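After this come two complexes, each holding chain A, first together with chain B and then together with chain C.
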Partner chain A sequence: MAGLILRQIAKTFGETRVLRGISLDIADGEFVSLVGPSGCGKSTLLRIIAGLEAQSSGEVLIGGEDVTGVRASDRNLSMVFQSYALYPHLTVGENIAVPLRMRQLTAAQRLPVIGSLMPGARARGREIAGAVSEAARTLDIDGLLERKPGQLSGGQRQRVALGRALVREPAAFLLDEPLSNLDAKLRVHTRAEIAELHRQLRATFVYVTHDQVEAMTMSDRIAVMMGGEILQCAAPGVVYDDPEDLRVAEFIGSPKINLLPADVGDGGRLSVMGHPLDLAVPSGARGVRIGLRPEALVVADAGAPLVGRVVHFENLGSDLFAQVAVPGLEDRVVLRASPRMRSSLRLDATVALSFDPAAALVFDGAGKRLRDLRRPAANRHREAVL
Partner chain B sequence: MTATDTILSPQQLSAADPARRQRRTAWMLTAPALALMVLILLAPVAIAAVLSFTNYSLGNFGFDWVGVENYDKLLTRSTYAKMFTATFTYVLTVTPISVGLGLGAALLINSLTRLRDLYKTIYFLPVMATLIAMSIAWEFMLHPTIGVVNQTLAKGCGTWVETLWPWLAMHCAEGMPLWLGNRRYAIWVVCFVGIWQGFGFNMVLYLAGLTSVHRELYHAAEIDGARSGWERFRLVTWPALGPTTVFVVTISSIRSFQVFDTIEAFYPIGAGPGKSAYVMMFAIFEKGVEQNLIGIGSAITMMFLGFVLMITLIQRWLVERKVHYG
Partner chain C sequence: MTREWWKHLVLILGALIVIAPFYTMVSYSFKSPGEIDRGEGGFFGRQELMVDEKCVKLRDPNRDDIAAASARFPGMDDNAIRKALASEAEADCSMRPAVYNYSQAFTQAPLLRYLANGVIVTLSIFALQVVVALPAAYALAKLRFWGREAVFGLVLFCLLIPVHAVALPLYIGLAKLGLTNTYAALVVPWTISVFGIFLMRQFFLTVPDDLIDAGRMDGMSEFAIVWRIMLPTAIPALLAFAIFSVVAHWNDYFWPRIVVTGNRDLFTPPLGLREFKGGADGSMFGPMMASATVIVTPLIVAFLLAQRRFIEGITLSGMK
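Right, the complex of A and B next:
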């Protein structure tokens, strides 16, 4: 087991810059997810860590050692591929045994028939068989060891791929969207299994996904990648509640965060839709936008800053999401309410929405988070204080 | 059936039975294809099978049944012993070597980043060229005195090559070999031309097979510790090419059994010095067409079909049992 350190990793394919200086410290035993939209370079980064792709610049350190120029098979990492990449001609047991056979047996001992007659091959073979059946037991696939991958379901294949990765003790596990081929139910199940496995093994995991729910539920920290950069790397709660960047706020959270354009008045005081807020930004800020999570909005009396018409409902049972069209706003505002509110939130009903200014996330024109917020200097508009 | 058919005869009733009607339609629809198949494929084989027990000749009005005499000849006469020797020498030489070379060429071309198409075209050229024309070129190259092969070999005489290569030294002293006229070399020359002509075809089949190998499998193999190219080949490429290999071997061996045109071009009469290149196809042609001994020709044909059928059955068995990972 070992930690990973990435220093200023950059990668270009011809003219395209895919990674633009990625730096990341992953502690020993940590579970870090790389999330981001399709094509942002997650797989490329993982493959650079694994050594399957060479970085254009920067360095990768595994357990404190620079592994630039060390080939993939010598980096002692395990990887689970998006397509599972199981050897179709080998049984499940043989598939799981491959990493051990390749590393622990000599070339002569690996020969088809005479290999098992080589000195020491028998004992090694028994050790390997023991390790395979233990890995299979951990993953609950010990009944499948004689089958070929073609005779397994997607979820079973995924577990075989995991088994092949954890049969030896690598410095770290790299997983590239391992759940993307599973159906929704199995995905939830396997998600929990992987998280549990991580707790059990206390190993370093780097987990690539474009599914934010997976990232939020499994990881110690989430690295949000976009356009070849890591925008923020922090614990799931922090990324959700306290995003550094507008793109992070937009990417994390479902339904998406509500963004309201805000005007900057005298003394930096913000107002939304003509309603002054009890919030001020340093003067000179332009193009300010306020981000509000759906749960930050509450239904209020008339006179609240946002008034609109309910145009769509999504009832998830535990939660109720209402889309409210507010005149003057391009996007609909999404509100989370408890199902008890159902009667007052009829389709086409007019609702007024207010929010606690402390829950508002304020971003400047460039999308950077504005943290230097103050109470407004002059409190002239008492009636508008929410 | 229209609504006015109120009273139905028993025949009409049975025709109205839907399952039966469907069955009859099915037979009617398959009948033309079935008739053609029987007429063009099965009937000639059956006729050949029948004729192989007779002494029929084309133009005769009748024939006598001779029982297994034709087959008895095939198994006892020395001419036919030579025929089997030549055929199996050719099949067992050309098939493995042309498959191996095809695989090697495909792997090499697949590892290239540039000039792929050029190499593909070059290796495929002999396949596209007619063997008759190419045989003439080879005949010319292998000419004992003016052929480029012997002239090149002669250049080695008197140099250090001769000391390293006893075979060459021997021929420098005794004169260069008559490649096509020598009983010892003739069948090997024919094999060589067969390999030269056929491996490009296998290469193309292997190249197609290689495109279906999943790239991530190579990465998985690398991560799993397969360091050398040979280990990756054993773990990923070779198993993935299993179905292709079975197909290529089958096709190559059937094509090898069918070899005829090289021999016909090199040796229009006699099939090589001392009948050393007397392969089955040539025997069928010679007996059945040239000498009008339809009975014995048919017997050889039946044997030939038996071999081909055996290869096909082995292929089917392998495909279903061994290389189908489904």
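Right, the complex of A and C next:
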């Protein structure tokens, strides 16, 4: 087990800059998720860590050692591929045994027929068989060891791919969207299994996904990537509650965060839809927008800043999301309510929504988070750090 | 309906043209020389007993034979004994033409030896071609290196060069090395098959990159990837290539004829056919066609067994 350090990793394919200086410290035993929209360079970064792709500049350190120029097979990392990449001609058991056979047997011991006659080969073979059946038991595939990958379902293949990666004790595990091909139920189940495995093994995990629920539920830290950069790398709660960047706030959270344009008045005082707020920004800020999570909005009496018409419901059972069309706003405002509110939130009903200014996330015109906020009227001198 | 009918007629005519020489070969291998000359006797010939003149001549009794046989023919003079012995020999040497042709094929020339040579040569060629073509095709399909396209261009270019064009320089090279009249001369020039490299490269292009990267992550060297991942997944393509290669080299007459001069122990099956070519007493078409039949039989049997794979292989390489 070892930590990983990435320093200013950049990658260009021809003219396109895919990664633009990625720096990231991953501690020993940490579970870090890389999330971001499709094409933002997650797989490329993972492949650079693995040594399957060479970075254009920057360096990768594994356990404190610079591995630039070290072959993938010598980096002692395990990887699960987006496509599983099981060896089609080998059985499940043989597939899982490959990493052990390649690393623990000598070249002579690996020879097809006479290999098993070489001194020490028998004992090693038994060790490997033991490790394989243990990995298979952990992943609940011990009944499938004799089958070929072609005879397995997608979920079973995915477990075999995990088994092949987990059978060894590498410096770190790299997983590239390993759950993307599973149905919803199996995905939730396997998600829990992987998190469990991480707790058991206390190993370093780098987990690529574009599914933020996976990232939120499993990781110690989430690195949000976009356009070849890491915008923010922090614990899931921090990324959700306290995003550094508008793009992070927009990407994390489902349904998406509500964004309201705000006007900056005298002394930096903000107002939304002509309704002054108890918030002020440093003067000079321009194009300010306020981000409000759906759960930050509450149904209020008339006179609240936002008044609109309910146009659509999404009832998820545990939660109720109502889309409210507010005149003057392009996007609909999404409100999270408990299903008990169903009766008061009829379709076409007019609702007034208000929010606690402390829950508002304020971003400047460039999308950077504004943290230097004040309460204007009553406590002009007191600074509220939100 | 009428259009279908025409198609079938054309196909049947084509098939007849292709089959005709095989029909003649098999038919001649059953017939007596007289029937072959006169073109009679249908497919099998009449299979009347015929006398093998050579065999009779070999048993022409001399003085000692007559003396030794006098005990068996009491009260006969030498002349009568000679006649009796001659007719005995004639009876022993007469047989059905089919039996005559095939026994001649196997006794007149060491056909089994030739067949063994054919097996040794074609299998060595194929094995060495695989050893060369798989790593080359892997590099051309999956590794990124400077000049890869140029190298592949050269491979394509080599596909255009007919073997006859380079036969002479090759022969001179082998002769200078003192390798003519050896198995090496029959095998070595064919070990690099550009067709094999091309075919396997096209197949390797369809193997997903992730599979190779998985091999690297599992600790395989590039050569281990070739033999442990690419080879097993390429079995269908390899089988198609095996059929092309084996058929071409089993049937090859041109190259063995050039590099094997005199040493009959190295003759491959097609060279064996020359044993029956016309001498002073005319060609022995019956035995010749019998050995030709024996030579093509292994290929035909192999083809029938692998027929489906063969056709698959051809469509895979996009060739006709």
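By definition in this document, the second predicted complex is superposed on the first by the 376 of 386 C-alpha atoms of A that agree within 3 Å, B and C clash if a C-alpha of one lies under 4 Å from a C-alpha of the other, contacts with A are read in each partner's own complex, and residues count from 1 in each chain.
One rule holds for everything that comes next: contacts are C-beta pairs under 8 Å (C-beta built on N, C-alpha and C of every residue); 3 or more make two chains touch, one makes a residue touch a chain.
Nothing here was measured: the structure is a model prediction, and the numbers come from that model.
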item: Superposed partners chain B and chain C on chain A - clash or fit; value: clash
item: Partner chain in contact with A:K148 - chain B first, chain C second, else both or neither; value: first
item: Touched partner set for A:V70, first chain B, second chain C, both or neither; value: neither
item: Chain B versus chain C as contact partner of A:L52, first or second or both or neither; value: both
item: Which superposed partner A:Y87 touches (first chain B, second chain C, both, neither); value: both
item: First (chain B), second (chain C), both or neither touched by A:M79; value: both
item: Residues of chain A that lie at the interface with chain B and also at the interface with chain C; value: 47, 50, 52, 71-73, 77-79, 81-83, 85-89, 98-99, 102-103, 164
item: Touching residues on chain C, where the partner in the complex is chain A; value: 208, 210-211, 213-221, 224, 229, 232-233, 235
item: Interfacial residue positions of chain A with respect to chain B in the complex; value: 47, 50, 52, 71-73, 77-79, 81-83, 85-90, 98-99, 102-103, 148-151, 164
item: Residue ranges of chain A touching chain C (in the complex, touch as defined); value: 47, 50-52, 71-73, 77-79, 81-89, 98-99, 102-103, 164
item: Chain B - residues contacting chain A, complex; value: 214, 216-217, 219-227, 231, 235-236, 239-240, 242, 323, 325-326
